[in-house]
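Next up: the structures, one after another.
The following pair of complexes shares a single chain, subunit A, combined with subunit B in the former and subunit C in the latter.
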Partner chain A sequence: MQAYVVSNLVVGLLVAGVALVAWRAWRSRLWREAAAGVARRRPASLAVVLLFVGVALLDAVSWIGAPREDEALSLRKPRSLIDRAFPVDWNERSYSRPLAAVEFYGGRALRHPGKHLLGTDIIGRDVLHLTLKGARVALLVGGLTTLIVIPLALLFGVSAGYRGGRWDDFVFFLISTLAAMPSLLLLIALIAVLGRGPVQVCVALGVTGWVGLCRLVRGETLKLRELDYVRAARALGVSEVRILFRHLLPNLMHLVVITAVLLFSGLVLSEAVLSWLGIGIDGSWGQMIDQARDELSRDPPIVWNLLSASLALFALILAVNRVGDAVRDVLDPRTAGDAG
Partner chain B sequence: MLSYVIRRTAYGFVVVLGVLFFLFVLFFGAVKPEDMALRAIGEKAPPEAIQQWIVNHGYDRPRLWNPEDPTDTLLVEHFRSMLSFDFGRSDIDDVEISRRLREGIGPSLSLTVPLLILGVLFGISLSLFVAYFRGTYIDTVGVTLCVLGMSVSIVIYIIGGQYLIGKTLRWFPISGFDPSPGVVLRFLALPITVALAAGIGESVRFYRTVFLEETHRDYVRTARAKGCGDGRVMAHHVLRNSLIPILTQVVMAIPFLFTGSLLLESFFGIPGLGAMTVEAIHDNDFSTLRVMVFIGSLAFIAGQILTDLSYALVDTRVRLE
Partner chain C sequence: MSERVLTVEGLSTRFPGSDGPVAVVEDVSFEIDRGEVLALVGESGCGKSMTAFSLLRLVPRPGRIAARRIEICGRDVLSLPVPEMRQVRGREAAMIFQEPMTSLNPVQTAGAQVVEAIRLHERIDTGAARRRTVELFDRVGIPDPDARFDAYPHQLSGGMKQRVMIAMALSSHPKLLIVDEPTTALDVTIQAQILDLLRELQRESGTSILLITHDLGIVNELADRVSVMYAARLVEEGRRETILGAARHPYTQGLLRSIPGLARRGEPLAEIPGVVPAPEEWPPGCHFAGRCERALECCATTRPDETRLADEHVVSCHVVAREASR
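And then the complex of A and B:
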């Protein structure tokens, strides 16, 4: 099957999965009130996050489409909805200022004078287009990695905390070992070995990222295990699986949600650092920034590339950080009472 | 106390062994020696050259089990060389790795030590200021600024700082390094300023949380009820008691002074261990990467043990068992 078909299917499944989780959460009063609380505290940031998600989803669905006569064969590759919002021959030959009518160097007339809102880059690609496409990469890094981190952390954390004994010793040893390696170095080593590519980067980020959540979950499970209602359930002969799913997991979910949201921005920022070291994901904002860093030393400097990518990155991270703080305020029992 | 130290160190050693095993799986299990050779001497190398390279670097040993001599395997050699700090030569350019480490440690320390000290000083004083005005709009503005600062990528701080301070204002040289005493500060000023700006948001937020947690305690209320002024409460009661969590955090950071800073060093041309690591990444120099990860984890484990001990020394309520 073609790669883009697989990718479309995965996106479809993901959206369905998220919708299912959201629907389940919506039925519980606790989560409905928490969501309303976050929306009340940080409406603007939440809107920004949703906007980025929307752009990313638009860019995630792609297809080839019916052939047209004016198209060269080389153009017959899958294009996403975002790509389709721009004409096929939207490229220029080289740099041009935002909304310029002529090229930045040499002053030749552009094919589309005044149409490139954020200018074009060194090989004439539209910067607005590239920036919009970066949203998909950022959400892929944050989202896919979170999907790797949460099951790993829950599986190891809950089982270690609940069963204790040798298994707990082993998991604790595993966590200590992974945590002992400096995360950036470990990331680099993993990518050097796994090879470059979006999935590899996400796996590497996942391997370094699950440890913190696992430790939290293990600690919380140790505490919950001794609580009266869990003991009562055990005394009544409730099966272990049922105890895990009915009594432990729901009481761990707030930790998972808080950590996942706070983790997200860290992951996207890590990807920027990786791009800067030359091992990031193609098309990310980090890579745009990396490519643009020499453009500042030109005379006159070329700033629109750098500014567009940095501002997009900044806006997403800021919004996620603010939403994350609100989520923690709402869900964390220690702060839930403070400052309404 | 002594038995605790011994047990803690022993567990640390076990974790070191775990790290070494992980590194072995990562670097020898997932990558074939042929691929390492190809990356080292070029994709188009003839097969004889590849074989020669593998033999020269000792990668021709069996990985796990050698029927003739059980000690002559890659696994044993990997553990032996790491644990005896006999790192051998780089896969790429045959320079001794330990010599590189010795050369890089000076520039790295001259960057990281002042950075840690200034970072802690700035962090504590700014966050004391913000925590003093807790609940007012100074606090709100301060926290908002912290979140804004945290949301900017370190990469942008570096590029922006270099452009603004180095190029437009021309205060300091853009990059480079010179170890002679009079000049070194001129080269370090820019990276240190940039790193301070990049880290200040997160540290102020952390210290502020620590301070605020203290201000809710009973003894603070008692002090205030006895007529203690706000400033005195902050400086004498809150700060002193908050120093415990702060101290442990700082102690944890000390071993990492020795691993240098990847981004700052490579971008500002400081020939330290961080820059060396970045070079190793670009050259696919697995032998150097392996050593750096190993040293980094040694540093982390040492930091953890130091943290536990300093905690027990400072906080007399803690009893080590």
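And then the complex of A and C:
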């Protein structure tokens, strides 16, 4: 099977999974109220996040389509819905200002004068198109890594906190060791070992990123397992596994949700740093910013490329952080009572 | 002779300390018959709750229990494999905790938790379990039980939560109810209601109760027999009237004297001098020797034997033993 088919299937499964989780959560009044609370507190930020998710999803579904005579053979590759929103021969030859009619250097006429809303980059690609495509990479980094981090952190954190003893010592040693290493160096080393590529970068970020949540979960489990309702459950004859799944995990979920949302924005930024070092993911905003390094020193400087990527990154991070704050306000028992 | 629900012989629960294991429960024996209420009385930290946890093998790690015999409804608790032990917990003997505020899982509705308790020990579908739960809620005096089924714990008051806990404990018709300080966390009017409820339920269903408390008022309300515990050991046992009216052990007498009462209005309240010493500082003899105003020389060095004063009245005290033999 070809890569783009697999990718489409994965996206489909993900959407189905999210829908299932959302549907399950919706049936519980606690989560339904929490979701409504977030939407009430931060409607604009939530809308921005959903917009980015929408763009990313549109870019995630791709296919080759029926052959057309006017297409060059080199264009016979899968194109996403976002790609299809732009004409096939949309590229120019070099830089052009936003909405310019001529090239930035030399002043040759453009193929599509005044049509490139955010200008074009060094090889004439439309910056708006690139920026939109960057959303998919950003969400991939944030989303996939979060999906790696949460199970890791829960598995190690809950088991260490609940079982205690040697296993706890071991997990804590592991956490401390990972936390003691400079994470950037560790990231670079991991990517050097795993190789470059979107999944590899996410795995590397995941391995370095689960420590904080794991420590949090372990501490909370230590606290919860001594609580009266856990002891009461045990006194009623509830099995250990059932206690874990019915009484411990649900009471950890608010921590997980809060951390996951805040983790997400940190991860997207980490990817930008990696791109800056030249080991990020192709097509990310970080890479666009990285490319803009030289462009800034030109005279006159070329800023639209940098600005588009930075603003998109900024908007996503800001929106996610604000939604994260609202999630914390709603779910954290210490702040849940405050009107937001 | 009536049916025996609980037999405990020579129970000791030890925790590792810096100088070897420390016994927080030491050589404790008692038994409860069907329909009987035994009160285990003592001040905070004397090992009452640990005794209760030991009975269900729920002592937190690294504590260890040892006993000659613990039997709940004829089943040997000490040798039961874990899955069968889980069947004893909840079905034969259920426990009610002292903190209703934290005894319910905050992310599940009250009803769902009782349903879980029912379905642990019985194969019935959720609809039937729900009906049973609503009935139970009604029986423990929860108003509007159908609506309360879907309430989360934070929407219930302390008294309501304790009622839910009682409903949960009763859900599988246990023969023995272990009630650990059932009213300490509640205010006085709710205390009275909960005590009335416990007494009524006990009378209706004939459940035996092991009542753990430091409140002699509650003992007077509910108990048939009383065991007084001091610093890990039982010091005096007897029928309620005997203990409350004719206690012989200096500790029990001190406890009774320190109850505020109308008779001695205006006088300073009697107290037992000193505080309970830490387990490492217990004398090898009688644990109470250091605080006892009638202590003899042998008290601190030799452990007193049990002296049977009447059919059901047993005291462990050198002073009492000497007086009795005279």
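Just so it is clear, the second predicted complex is superposed on the first by the 338 of 340 C-alpha atoms of A that agree within 3 Å, B and C clash if a C-alpha of one lies under 4 Å from a C-alpha of the other, contacts with A are read in each partner's own complex, and residues count from 1 in each chain.
Going forward, a contact is a pair of C-beta atoms (placed from the backbone, for glycine too) under 8 Å apart; a residue touches a chain by one contact, two chains touch by 3 or more.
Worth saying up front: this structure is predicted, and the values here are computed from it rather than measured.
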Both complexes share subunit A, so when I overlay them there, do subunit B and subunit C fit or clash? fit
Just to be sure I read the superposition right, which of the two partners does A:30 touch: subunit B = first, subunit C = second, or both, or neither? second
Once the shared chain is lined up, is A:167 touching subunit B (first), subunit C (second), both, or neither of them? neither
Which partner chains sit in contact with A:231 here, subunit B, subunit C, both or neither? Use first/second/both/neither. second
Taking the superposition on A as described, I'd like to know which of subunit B and subunit C A:245 touches: first, second, both or neither. neither
After superposition on A, vertex subunit A (C-alpha centre) with arms to subunit B and subunit C, in degrees to the nearest 10, comes to 80
In the overlay, answer first, second, both or neither for which of subunit B and subunit C A:193 touches. first
Who does A:181 touch here: subunit B (first), subunit C (second), both, or neither? first
After the superposition, pull out the minimum Cα separation from subunit B to subunit C in whole angstrom, please. 13
Within their complex, state which residues of subunit B touch subunit A. 14-16, 18-19, 22-23, 26-27, 30-31, 147-148, 150-156, 159, 163, 167, 256, 259, 262-263, 277-278, 281-282, 284, 286, 289-290, 292-293, 296-297, 299-301
Touching subunit A in the complex, subunit C uses residues 56, 58, 60-61, 86-91, 94-95, 97, 99, 102-108, 116-117, 120-121, 152, 165, 168-169, 178
Report the residues of subunit A in contact with subunit B in the complex, numbered from low to high. 173-174, 176-182, 184-186, 188-190, 192-194, 265, 269, 272-273, 275-279, 286, 289-290, 293, 296-297, 301, 306, 310, 313-314, 317-318, 321-322, 325
Using the touch definition from the top, list the residues of subunit A that touch subunit C in their complex. 29-30, 164, 226-229, 231-239, 246-247, 250-251, 253
